[in-house]
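Next come two complexes built around chain A: one with chain B, the other with chain C.
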Partner chain A sequence: MTMGHRLRLGAGSAALRVQRWRAERRYDRRAPDPGSPLNPPLRSTIRMREMMSRHYLAGRSVSGSRPVAWVTSGAPTEILKALGYHLVYPENHAALCGARRRAEALSSAAEDAGYSRDLCSYARTDLGSLLSGDTPVGSLPPPDLLLCCTNICQTVLYWYRVLADHFGCPLVLVDTPFLYGDAAEPHQVDFVRRQLEDMVPAAEAAAGREFSLDGFTAVVARAKQASDLWLEILERARHRPSPLTAFDSFVNLGPIVDLRGDQATVAFYESLLAELDERIARGVGAVKDERLRVLWDNLPIWYRIGPLSRWLAERGVNVVASTYTHAWGELAEMMDPAEPFEAMARVYLHPILNRSTGHKLAAMRRMVEEFSIDGVILHSDRSCKPYSLGQIDQRDRLVADVGVPALLLEADHNDPRSYAEEQATTRLEAFVEMMS
Partner chain B sequence: MTVTHRPSRSEAIARAEARGQRIAAVLPYHYPRALLRAHGFHPVEVWGPPGVPRDEGGRHFQAYTCDIVVRATSFLLRGGLERAGVLLVPHTCDALQGMGSVAGDFLQPSQHVLTLYLPRAGRPTDREYLVAELRRLSDRLAGIAGGRPTDAGWADALAAEEAADETLAALYRDREALAVGDREFYEVVRSREYLAAEEFVEAAAAVPRGTAPSGIGLLLSGIVPEPMSLFDHLAEAGARVVADDLAAGARRLYPPSDAADPIERLADRLLGSPPDPTRGTPIAARAAALAGRMAAAGAKGMLIYDVAFCEPELFDVPLLRRHLGDAGYPVAHVEVELGGELGHRVITRIEAFVETLA
Partner chain C sequence: MTAIAGIGIDAGSTTCKAVAVDPSGAVVATALEQALPRIADQTAAMLDGLRSAHDVAPGARCVATGYGRRLVECADRRVTEITCHARGVFDDLGRAGTLVDIGGQDSKVIRIGPDGRPADFVMNDKCAAGTGRFLEYTAGRLGLDVADLGGRVAAPGSEEQITSTCTVFAESEIISLLARGAEVDAILKGLHRSLTVRLVAMVRTVGWEPPLMMSGGVARNAGVRAMIGEALDTEVIVPEHPQLTGAHGAALLALEG
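This part shows the complex of A and B:
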């Protein structure tokens, strides 16, 4: 990193810190809004925004000083962290573009280049950004390595093959057989463990650095700590009223996905947990008049998070849990720093997205019980077929066997053109009425 | 048997049953035929079927799910697969993953639902995994069949299926010396989807030798050429398919293996299949292989003929267009739904493309 880069990074970090202080001061001084159905948002979110902005800022000047890897959201990044890689998550970047209402324009840029509108909108957003050079984060550092793990979908492999063609850098594949049964079979675990071991020399070569088992173990230990905390945070929503909504957890998901394995992430989630406990102690819920509790299935609708959260809160509905955010916490118990390769092979085989439709139904049934759920919204996400296929039967079973109202809400996680506001509102109104 | 008198699907099934084989309905598209045969199963592939309405399948899968999965589910629920004792769903893509999972967890048909996860690369680790995965499938089949294949059973199955595969490869090699149009050629190629290996060899032998019809050479890429009237439209436009990159075609030209162990042999052959987006082939390598195939066959351009919502195919289109364009081969892309005849818009698009190649 040149002196100029270092100075710019230092100045940028300082500016972000000042921005956070100001935001926190505004937060502390602001008067309660009696007209809002929601209590003030979590104060910790301000700090999370600073962390994520700092990460993207660091990416702008990292080329040449640290190796850079672009990785999928379910990838085994602990090995790369141990080698000092700066990680870029195209999915997170795409979600950020979605939340800032930039996804439609970027998707159009990809579609103009020939990418079908039927493809995943994260991929279209990210490829559109790549092709147009337009991004709300200033710029993304080009990768020295691409790491693609199929435990969330096969889409990522198609997408990363495009990225590999574009950047001409190595693509490391961690292929995780889909688990149709109850748990991974020995040959599936062996397959993933061996790929993780084989990944080390490829990552070393691209980084020009030597792998340290001690370093890897330490990263795994911190990742486990953060994942444990994340699960604890999500479990706090069992309280009535819940101190957080699933929309809060969607927003605060960034560090556990992007910065897992960092000490700062552990510290952040400790502070977030403390804030939730403080809310619980004071009896403060995220929704002022929480009467109905809902489970969300699938990715969020990034461009509608705020309005949807408010619309539901106005009707006394709190979406307290989601299958999606739990995915980054529920496997913490499998993480074992004492046997990092074997344990991480199991961890990366078992995300909910790599498991059967029956397993997901069982997970939802359990969550209905544990979180005292009154209804389930299954976001039928046009862009995420592996998460969405099976939802029709899951909804039918939830209604028939569990006895909770369940709504299939047609949308897309990042492309607003696939969301019909009026139709969605009508269906949500009927759903709320059924729960009441 | 002549080229126009092959056994129908129903006849092939009846013959297999008469031989004492059980029927395995198999979804697209890479799977070990000899493994099924060795365990006493006759594979019959299910590519929709295109004529079956989406209705019943649409009660389990969203509108944005590909036709093959939805129509196959309709077919299953309508009893179209009732003669099958096994439903094998290879993990070809996320949509077929969904079908395999929903069938096993929720539909629970009378057939045993079996799955097969094919690795997405060709590394030594992938081979070891695939061998273990095929052994797992073999165990399941043995459990259903009530016994394991004998050495002689394995030898018979491997010999028959490898002979049929070689016959398929020879059909492609000898394309220019076959006096049949594209539609007839692909009807023979696709009869491999349901005929027994020996019947397929016989069907191929019945294809008349001579000179292939002339026309502007095209390479046809995609999953499945349905409706088959596509070939009539191509012929009317003055084009001829001189090579293909079809999942229902040349993507299943498996190379030989010299492994002695039957399962290892099957794994080697599956892993050696031609470049294929569902198997993770790098796009540039795939484009180079396609360009080589087009040069060898005298194709002037490539038509990508996709089933709607097929992600593995759709992702590659822009870069194939660019790489092949750089190599001097124009590319056209159309998307279709499986039911019914080709729409006017698609036909016009194809005709316009062929015109540009003339």
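This part shows the complex of A and C:
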């Protein structure tokens, strides 16, 4: 890092701190808003925003001083963390573009370059950003290494090949066999464990650093701590009224995905948990008049998070839980720092998207029970085929076997062109009338 | 003359309907017009018409439904078509059942619970396939009046296969069938079958329970009725005024406050 870089980073970092202080002061002095159906948002979110901005800011001047890897959301990043890599998550970056309403223009840029509109909108957003150089985060550091794990979908396989071609850097692929049964077979764990061990030399070479098992163990321990905390946070929604909505957890998901394995992430989730406990102690819910509790399946609709959350809250509906946010907490118990390679092989084999549709149905049934759910919204996401596959049957089974109203809501997590506001509202309204 | 105690207005995409009921829920008056672009004015005029021709009980309320419900300024409450249709049908049947409603812009299947409220529902995807528009559009392509379709389809005869449920693709299939010399009535049958297959899948999705009732403009089409009944092996019941079911349900809900 040059002196100029360091100075700019230092100045940017100080500015972020001041920004956060100001935001916190505004938060503490804000006047109550009796007209809002929601209680004030979680104060911790301000800190989360600072963390994520700091991460993207660091990325702007990291080249040359730390190795950079671009990784999929389900990639075994603990190995790279142990080597000091700065990690970029194109999916998270795409979600950020979506939340800031930039995804449509970026997707169009990718479509103009010949990518099909049937391709996942995360891939289109990100490839569009890559091709146009347009990003709300200033710039992304180019990768020294790409790490792609197939435990979420097959799209990433082709997407990362495009990235490897574009950047001319090595691509490490971790292939995770799909789990049809209840749990991974020993040979499957073995297959993935060997791939994790084999990726070490490639990651060392791209980083020009040496791997340390102790370092890896320490990262796994912190990742476990953070994932445990994340699960605890989500479980707080069992309280009535729930101190958080799934929309809060969608927004606060950034650190557990992007900064898992950092001590700061553990500290952040500790403070978020404390804030929720304090809310519970005061009997404060996220939705002022929580009458109906809903479970959400699939990714959020990033460009509608705020309006949708408010619209539902106005009708006394709190989306208290989602299968999506649970995905980053439910595997915590498998993380074992004593046997890091073996344990992480298990962890990365078991994400919900790498398991059968029956498994997801069972998970939803359990959540309906545990979170006292009155209705389920299954976001049929045009982009994410692996998540949406089986939803029609899952919906029917929830209605017929569990007796809980369930709605299939057609949209797309990042591309607003696949979302018909009027039609979605009519369905949601009818759904709320049905639950009431 | 009994006084109006509740009014339901169904501002749909093709037609605008109003039903007024007395305190017992019996229908006092109805109105049906082609939908105009200015929904607020049109519905206000319809309401004025009902009010000037009939006695209105003090405290009578109005519930609006349909796509334009938010634009009906005179409404005391707005309720979705799903809940209104369920209520309207429940009143007609007097018991739980399943409703297939095919409107101009969308189609829906509602399973109605023993309390007259929707127990489950599905609506068609965001396209014209499976809606009245599909038939209107394709009838136009064949130079026919949509009102004549049902009778021609219900008559015996051969049937061509239309594989596409997409309105646009179905049109190109029609063109190639015509070019091959296929008979118009056989093509019509195929079109109706294609629509029916889609609807029947929706009926199965809600875990339907008999009796099966149809409402909406397409319910007047004997061909669709016969094909759905045949596919589900059941009798299809059609209310006297299938287009008024939603407005009727809205009027009944208006009575409840």
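Assume the second predicted complex is superposed on the first by the 436 of 436 C-alpha atoms of A that agree within 3 Å, B and C clash if a C-alpha of one lies under 4 Å from a C-alpha of the other, contacts with A are read in each partner's own complex, and residues count from 1 in each chain.
Going forward, contacts are C-beta pairs under 8 Å (C-beta built on N, C-alpha and C of every residue); 3 or more make two chains touch, one makes a residue touch a chain.
Because the structure is predicted, anything quoted here is derived from the model rather than measured.
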{"item": "Partner chain in contact with A:423 - chain B first, chain C second, else both or neither", "value": "second"}
{"item": "Touched partner set for A:433, first chain B, second chain C, both or neither", "value": "second"}
{"item": "Contacts of A:187 with chain B and chain C, given as first, second, both or neither", "value": "first"}
{"item": "Partner chain(s) touched by A:162 [first = chain B, second = chain C, both, neither]", "value": "first"}
{"item": "Touching partner for A:399 - first (chain B), second (chain C), both, neither", "value": "second"}
{"item": "Contacts of A:370 with chain B and chain C, given as first, second, both or neither", "value": "neither"}
{"item": "Contacts of A:386 with chain B and chain C, given as first, second, both or neither", "value": "first"}
{"item": "Touch count on chain A, higher of chain B and chain C", "value": "B"}
{"item": "Residues of chain A that lie at the interface with chain B and also at the interface with chain C", "value": "392, 410"}
{"item": "Interfacial residue positions of chain A with respect to chain C in the complex", "value": "392, 396, 399-400, 405, 408, 410, 420, 422-423, 426-427, 429-430, 433-434"}
{"item": "Sites on chain C touched by chain A in the complex", "value": "67, 79-83, 106, 117-123, 125-126, 205-207"}
{"item": "Chain B residues within the chain A interface of the complex", "value": "59-62, 64-65, 91, 93-95, 97-102, 104-106, 115, 117, 119-121, 123, 125-126, 128-129, 132-133, 136, 277-278, 280, 282-284, 308-309, 311-312, 314-319, 321, 333, 335"}
{"item": "Chain B-touching residues of chain A, taken from the complex the two chains share", "value": "113-116, 118-120, 123, 150, 153-155, 157-159, 161-162, 164-165, 171, 173, 175, 177-178, 180, 185, 187-188, 190-191, 194-195, 198, 356-358, 361, 380, 382, 385-386, 388-393, 397, 410"}
